[in-house]
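Please go over the structures that come below.
Look at the two complexes coming up: chain A is in both, with chain B in one and chain C in the other.
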Partner chain A sequence: MNSATFLIWVRETGFLIASSIFIIGLTIRFFEIFMLGRKKDLSEPKGCAMRGGFKTIFTRFLPQDSNTFQRSYFIIIAGYVFHIGLLVALFLLVPHIELIRAALGFGWVGLPTPVVDFLTVLSLISMLALLWHRLTNPVLKMISDAGDYTAWILTFLPLLTGYLAYHHLFFDYTWLLAFHILSAELLMIMLPFTKLMHTFTIFVSRFYGGAISGHKGVQV
Partner chain B sequence: MSAPTLQKGLNAFAEQIDAPIASFFSSCVHCGMCADACLFYTETGNPKYTPIHKLEPLRRFWKQEYTLMGRLKKALGLSKAISDEELEEWKELLYNSCTLCGRCSMVCPVGNDLAYMIRKTREGMAASGHAPIDLVGASNRSVTIGSPMGVRLPALQAQSRKAAKETGLDIPFDQVGAEYLILLSSMEIMNYPEYLQAIAKIFKQAGKTWTLASDAFEATNSGIQIGVSDIARELVSRVVNAAEKLQVKTVISPECGHAYTAIRWDAPNLMGRKLGFKVRHILEVLEDFRQSGLLKTEGLEESKITFHDPCQIARRGGVIDEPRHLLNLVSNNFVEMNDHGKMNWCCGAGGGVSANEEAHEIKIKVFNRKVTQLKELKVDTLVTACANCRIQLEEGLEEYQIDLPVVGLTEMIAEHLVETK
Partner chain C sequence: MNQLSLEERLRLHGVSRRGFLKFCAATASLMALSPAMIPRIAAALENAKRPSVIWLSFQECTGCTESITRSHSPSLESLIFDAISLDYHHTLQVASGDAAEHAREQAMKDNWGKYILVVDGSIPLGNKGFSTIAGISNVDMLIETAKGAAAIVAVGSCAAFGGLPKANPNPTGAVSIDMIIKDKPIINVPGCPPIPVVMTGVLAHFLTFGTLPELDHLKRPKAFYGQNIHDRCYRRPFYERGQFAETFDDEGAKKGWCLFKLGCKGPTTYNACATTKWNGGVSFPIESGHGCLGCSEPNFWDAGSFYAPLSTPIGHVAQNAGYALAAGALAGAAIGFANKQKSSQAIEKHEEITVNDLIKGETK
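Showing the complex of A and B:
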């Protein structure tokens, strides 16, 4: 197989397989969660569970207080920089928007490439810092398992190959682009079955956690 | 309780797994922020006390039984089954070093309520025979005697006579049609008789009728702390039955955090029905009295005071503003700790820790967090609203050789009541 046929395969067959598994996987995972249900809370509410739940979806984007920030500043800052870079590269890079436009018929305005480039580099550096933190911090060393490192690799590869391909660095462009797309497809395939699932379930868990507090009248 | 077995423990886990738990485990990214929020980690530096790590048995069970991938792995023999040895190892993490304070739940960036999960994990621990022996004893005493500390009715009657003598007021028992039913914790009966005296004075001034119930005076619930819903249900049903028999409008939880959780939030769910009366913490009732002009006080505390928020009352109970309004009624020198209200640090002894001798050493060690908070403030008096926190605060301050009086908020209010003839 040469680079051109490989690129065509990942763009067509590969993408079809990846997006199918992605969607079926997400459906299965959400079904697994919601089919468990939860018991109705019969205690007299002091506050509003729904309000607490929906509010927490937004308020939990920031640490509760300055003390929490001081204690966990590294993970919060590195975590934010990495997530922002990743989301910007994914949704605000012009070639990605054009892909979306071609597939869905609509798109939006992207950011200038140097800005995306800069944030991507920051994201890659943050990810390396977070990996180092995971490998050296006693708490993270203890709680990390193979799933954590798998998720790291699955997220790091598309960012790295995308950056290399865009700048035509080190390898043949066609091969790089094909590997970039393949890495993104691997991410899609694995997302529902790894902790990367938090991309979607974070809204559910924040809702439930916030609803428990909201019911009791605790400000969230 | 029939003899515990591993299978019963796993069945109990299965009963506890629900959509919130599945979403919590699905969302966890292993960031470790919960460790920084837990005093058992911050004061020991030992990573095994990381809250999410304490939930590892439940997480594995959920994954193996309730996810497609987990079931596949299990079928292929690629996953490790949960064993008695493992649960025994986790006993220390789930009971000795967790007070169910829920501070971790407040900082988790994905919104996981870890305390909710630990409470549920304990059901499986108790059913499989891996609960601390002292909590088993306390639960048995609660069922057979009516109090985890073995306090019987005559002890309360003696305290009541003493309170009647001190205050010159009647301490009513079993008054049908009284507006309020007062519950107590064993700790208050044995160590803090001031509370009952304060109640008599405050309710007299407010002109409200109240009563104790001779068959349901104990508010604490060992069943919830150990994680046996059957025992918890039996204990709350005594209170519910007494309240309904006496036709009271409101049951008042004493200055005890976990008792409040038991009767306020868990009781209706354990009974499987709504209750025919309201449940309020004493601080909520006092704040109602204050707002209705029924709490007439005079004079202000001269000393500099601060307030220790009991976790179950503030962070897990939503009673946060009430104590502050009440404190400002009797003090103009009330200062807040660096972390307070819903972000307060736990005293280190709730959730069954104080009743568990195996946890004695660590509960004193982690009290260092409170010591650090107090040293930053340099106050003259420490006020709280939980008898269990109070005994830990007193014991901890003694261990750390700090001379600081600890006072219950209800009795502080009572001391400032305008004398009525």
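Showing the complex of A and C:
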């Protein structure tokens, strides 16, 4: 198989397989989660559950107190840099916006490529730093399992191949683009079944936590 | 006339030695060869005795021939082309019928092992009758003619990669030359059509060195197909700045902004269009306001719409997503109900144990 044929495969059959598994997987996971339901809380509400729930979705974006920040500033900063870089590369690079437009029928304005490129580099560095931290911190190392490393690899590969493709490094551009798309497809396939599902469940779980506190009248 | 060397033929055409050497320098530069090679090219071409060229046309549109004849107006490249002995070419030869076929057989016999075979068009393997010449099927004629060839030049994307005839659903079972001929040196000169000077450059290289030029993984000469259109495109700065034409007649298009959003395949296309250009260096498709179609890449007809950006998927994405959503919802609901079932069964099976039961258990 030559590079051009491989690129066609990942853009056609590969994408069809990956998007199907991604959508099916996500829908199954959400049905499973929501159909589990929650026990009805019979206690008298001391505050507004809904308000607590929605508020927590946003308040959890920042450390709750300076002590928490001081103890974990490395993870918080590196984590933010990595996530912001990833989201910018994913949603503000013009070729990606065109993909979204083709799939959903709408798009938005992108950023100049060098800006996205710069944030991608920061994101890659942050990911490497976070991996190093995971491998060297005794507690973190002990509680890390294959799922954590799988999630790291699945996220790192699309960023790395995208960077290599943009700069035409080491390999023919067609191969690099095809591998980049393939790595993103692997991410799509695995996302619903790994810890990466937090992309979608994070706000649900924050809401639940906040709603429980809100119901009890605890400040959130 | 056939016995005259190229230099003698050029003199007859009124080309000075100075003009000839300028051509040699241009050829060396085009093929990215060292200036030290210019005298060698000149010597090789001066002494070249009009090598026999047999040109076979199979499932093709004659666009490649149209392109190559454009080098006849009147350039030195065209004289090089004229200076080879083109012994068989459907469109260009005078002879017809038996005489035409006889010319091919005679040229093969006289130059066995030395002639250059140029092929344009793909070969149908589905049914031999799909494409025949003088009652001979394309595949049989190719195998027979390739046997005595020194090298084969597959001109155009059809001969090099199967091209339009091979496009899905490939009704004739079309294949490229290198799918059939495995024991001869093959140079692919793809494009729909290829740039004329690329064709003459490849022939000049072969005449000079007697070997194939350096080829890439798709058997294309690196000198012409080594660089990507996107990297050499004069509109590249607009891509970097995020300035794109959204339609063919908007403000961005008028200002010459990048055509990526209009489906330009420049980033994955390797060809000399952006540097050598067309029509004697006048322009190339992107300069004329249309995105690159990627015509020098394999299966470019099957790479989705010419007007869809390269980063978009090929096929019916929305429809498929709808089916996937429905399937996911069904499966999710089924799993959800099964979980509920399991949970209620567990509750039913739950046995209440009192402290007395535990004490009884201990006394046993």
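In this section, the second predicted complex is superposed on the first by the 220 of 220 C-alpha atoms of A that agree within 3 Å, B and C clash if a C-alpha of one lies under 4 Å from a C-alpha of the other, contacts with A are read in each partner's own complex, and residues count from 1 in each chain.
The working rule: a residue touches a chain if its C-beta (ideal position, glycine included) is under 8 Å from a C-beta of that chain, and two chains touch if they have at least 3 such contacts.
As the structure is a prediction and not an experimental result, all values here were calculated from the model.
K.L.:
Could you say whether A:Leu135 touches chain B, chain C, both of them, or neither, answering first, second, both or neither?
P.N.:
Neither partner.
K.L.:
According to the stated criteria, A:Ile77 is in contact with first (chain B), second (chain C), both, or neither; which is it?
P.N.:
After superposing on A, A:Ile77 lies clear of both chain B and chain C.
K.L.:
If we overlay the two complexes on their shared chain A, which of chain B and chain C does A:Met50 touch? Say first, second, both or neither.
P.N.:
Neither partner.
K.L.:
Once the shared chain is lined up, is A:Asn2 touching chain B (first), chain C (second), both, or neither of them?
P.N.:
In the superposition, A:Asn2 contacts chain C only.
K.L.:
For the three-chain arrangement built by superposition, which of chain B and chain C touches the greater number of chain A residues?
P.N.:
B
K.L.:
What is the contact status of A:Glu32 with respect to chain B (first) and chain C (second): first, second, both, or neither?
P.N.:
In the superposition, A:Glu32 contacts both chain B and chain C.
K.L.:
Let me test your reading of the model: by the given contact rule, A:Lys216 touches which partner, first (chain B), second (chain C), both or neither?
P.N.:
So A:Lys216 only meets chain B here.
K.L.:
Looking at the overlay, does A:Leu177 come into contact with chain B only (first), chain C only (second), both, or neither?
P.N.:
second
K.L.:
Which residues would you name on chain A as touching chain B in one complex and chain C in the other?
P.N.:
After superposing on chain A, chain A residues 28-29, 32, 34-36 contact both chain B and chain C.
K.L.:
Contact residues on chain A for chain C in the complex?
P.N.:
2-5, 7-8, 11-12, 15-16, 19-20, 22-32, 34-36, 94-96, 98-99, 101-103, 105, 110-114, 168, 172-174, 177
K.L.:
Which residues of chain A touch chain B in their complex?
P.N.:
28-29, 32-39, 41-44, 46-47, 56-57, 60, 63-65, 67-68, 71-72, 75-76, 79, 134, 137-145, 148, 193, 195, 197-198, 201-202, 204-210, 212-213, 216-219
K.L.:
Name, in rising order, each residue of chain C that touches chain A in their complex.
P.N.:
Touching chain A from chain C are residues 217-218, 228, 230-231, 239-242, 244, 260-261, 267-268, 294, 297-300, 302-304, 308-315, 317-318, 320-321, 323-325, 327-329, 331-333, 335-337, 339-340.
K.L.:
Enumerate the contact residues on chain B facing chain A in the complex.
P.N.:
Interface residues on the chain B side: 17-24, 26-33, 35-37, 41-42, 45, 47-48, 50, 52-53, 66-69, 105-113, 116, 264-269, 271-275, 278-279, 314-320, 338-339, 342-343.
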